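These notes open a run of structures that come right after.
Okay, so subunit A shows up in both of these, paired with subunit B first and subunit C after.
After this line comes the complex of A and B, so read on.
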């Protein structure tokens, strides 16, 4: 069940001595994690586990919501009605993913308003990838192919996350994400059969997005203090470096079919490792963007805050209407 | 009668019947001002790809749930009643399917 709002009989009403001691609760939780069991909203869980999940799920939700903006930029400029309909459907999916994830986070005792407040005040983070601009139509294709492709790599293991509501939300998200990647790749294939200018546009977009997509998997495991605990708790299932490698290995052949060059002179097949080697990621740039100094951080946040404020009267009116209807009903019944 | 002041839209649980002949299944939750709006939003959030032919929405606060701490006393008593399962009974092979 997705909610905290359900009416659970008051624990205080139970006879003393029935509820378990903190140590026993902790042991029961650890045992369930060790047995690869699932944790549900009403189960006891350590405060740190709850906090980690609230942070991760709400950041994930914020990323979906902010992620609508770079692509939304191209809805009114899509090159055909077909591409416009596809892009609207994709952006609507991202909004839906945000909603699934906010609901999942709410089961942990945080409220929608609290999460939105954290996003709007700049306290909460979202994926840095959305702080880069979408300069040409090819960017829309590249976001589908590479950004959503990287997101899929990250998200598939989350379908097995130890926290039930998060895992269930991710199953829905992953089912829809495959459409996002394929539509992007296909749009690029079409452009690569077009004029030299169109081909150059695709190559330019790939060149600008490639390294940022590699950084999406997060810092190397050795520099990622949250990683080990997340793996231990079954929140994360696969480390950052392994996921990044999987993404590189999957993407290189796709780039060859497409006919684009990935902008990394060190990218080559390593026969001994049976993987592609790749060059150094610019982590200084990644961290600067995370800390708020990317090209679009301020613009994205300002757009979100404005949309939320502009929608306030709609939310208020809907609530006022619902109350009025309820009062009318009560009067009729009386 | 006064309704308590609420800043957030209340929470609803969404149940979707994926096709005629199957049960409604819980698929998630959402915020909406009232039941009609909850139905509309459920359609947009949970059935964008023909996942359903019918939707139920229920105010989350209207659901009473069993307490996880009572799991043992509620469900363990069934564990030692294996005679409730057909496989508990040995029937000679010559009887055939029963």
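After this line comes the complex of A and C, so read on.
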């Protein structure tokens, strides 16, 4: 669903420093980056570039998988069969994104098991937006509209990422996310034409998610630990603040059409800047959540760990059966 | 020629209840590929339920809709097989705190899938053209569901000691719920008489053959069955359906008349 990965350090990642050696491989790599070319799995790449990508892509994959939980929370209670089908399909898409992204990361020489181990041990991060609860049906629409909307702002530039497999995966991910965003917005439009209770549900969800979505773009560029190197390497294309501004500018008119109030008294059009001004994000709350003390961090991670642990016997059975099949084949051949 | 509404509701309720159950794995599957596969199976069932409820609603008139049928009928009005409403765990009461067991999920999908490839195939020749069209679409899906479930029954049965024991326990737990398949309900009898429905009893030998072949490959045995025969399709359910519907219908019922 979304990554703010470039900006969230994790214990496994070493600080990404530019390590230029005079070596020819390095020169060829840098030249390709400078020419805006693609790096492919078989190409030589600096260790720090590889590590940065593994961190970013795996965090993105983890975000997709953990992100299935807050929305999955409403599948069983979706208020119509049509909405239930849309939601199942959407959450299933997020699982599919996880699958492409784990595969893209595997091209860098890390296994899905290793990445999952890093998630389950708490070493790897996932998007902090999924550490907030989904408290009403309107949250499903608001996540589509705002969370997926913010994700798209972040992800469109990743389609031009310098690492080929990631860039190609993102093309498909972005198409599906755009579809999710439109579906989310449409669900909210229907609710806003409905009863007072439905309208109140939408407003409450917007009020709870708005600031969290602004924080999804990561800290201001000046405070962002990985931004500069990411931009240099063509892994990140646009800074956090610029993306956040684009999101605000695109979203305010949509909120007006919908008839909801965005919960920011400082939000207003600035004629001189030709952008909307907006208020202060609560970064202390953001970092507390990133660091594990948000409302749902423990539940989300424990649920992933339990699903994986409970599924061990199923995976073991599949492997054992495949081995037995192979042995039977070998015996027949002998 | 129109199918009796109760017959359509039986088929639709089966689909919605199993769709609801399979979706419970979304985000909790044993491996990502299975998470995605079960969401797919669930989506197919919800899709089947929608088509069948829409057809039933059109024939009932009086403002009925797919959602009024799914969300505003009580347990005793539901006509699904009891098998399909059981939780994903072994024999425990509905409010027991317990873990989902993938073997129960797979074996249930297998028993039902083996039935529905036969039912939908027969219904493609139904005298009710609308129902025949739904059957043609559903048959393709049911073939995939059976394929998926049978593959896993074999993997689990043949896999490890633990998976074999779990698969056998699931077969032992669920098998008797399949007895309900072979007792025609009044709606089924009426549908058969008019050339619309399928005579379930005539499918039994084919179902036995499908099931026995896979169980044999999986080295699993079929338990002897006696005593209780469930009657979900007559509206007499297990203790579990109330919880399932309570969860599924709660939000819709809190806002009667709302459009979503």
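Assume the second predicted complex is superposed on the first by the 312 of 334 C-alpha atoms of A that agree within 3 Å, B and C clash if a C-alpha of one lies under 4 Å from a C-alpha of the other, contacts with A are read in each partner's own complex, and residues count from 1 in each chain.
The rule we apply is simple: contacts are C-beta pairs under 8 Å (C-beta built on N, C-alpha and C of every residue); 3 or more make two chains touch, one makes a residue touch a chain.
Only a predicted model underlies this, so the values are computations on that prediction, with no experimental measurement involved.
By the touch criterion defined above, A:310 lies against subunit C but remains apart from subunit B after alignment on the C-alpha atoms of chain A.
In the superposed model, A:45 makes contact with neither subunit B nor subunit C. Of the two partner chains placed around the shared chain by superposition, subunit C is the only one that A:85 touches, whereas subunit B remains out of contact.
Within the superposed three-chain model, A:156 lies out of touch with both subunit B and subunit C [touch as defined at top]. Looking at the shared chain after the overlay, A:138 reaches neither subunit B nor subunit C. Judged by the touch definition given at the top, the superposed model places A:111 against subunit B, while subunit C stays out of reach. In the superposition on chain A, A:330 makes contact with subunit B only, not with subunit C.
After overlaying the two complexes on the shared chain, residue contacts for A:100 are found with subunit B alone; subunit C is out of touch. When the two complexes are overlaid on their common chain A, residue A:215 makes contact with neither subunit B nor subunit C.
Under the contact criterion defined above, the residues of subunit A that touch both subunit B in one complex and subunit C in the other are 89, 92, 96, 99, 315, 318-319, 321.
Partner subunit A is touched in their complex by these residues of subunit B: 1, 3, 6-9, 11, 13, 26-34, 37, 44-45, 48-49, 60-65, 67-69.
Listing the residues of subunit C that touch subunit A in their complex gives 16, 20, 23-24, 26-36, 39-40, 42-43, 46-47, 49-50, 53, 66-67, 70-71, 99-100, 102, 154-156, 158-160, 162-163, 166, 247-248, 250-252, 255, 257-260. Residues of subunit A touching subunit C in their complex: 65, 68-69, 72, 75-85, 88-89, 91-92, 95-96, 98-99, 102, 137, 187, 190-191, 193-195, 197-198, 303, 306-307, 310-321, 324. Interface residues of subunit A, counted against subunit B in their complex, comprise 1-3, 5-9, 11, 14, 18-20, 40, 42-44, 89, 92-93, 96, 99-100, 103, 106, 111-113, 168-169, 172, 176, 315, 318-319, 321-323, 325-327, 330.
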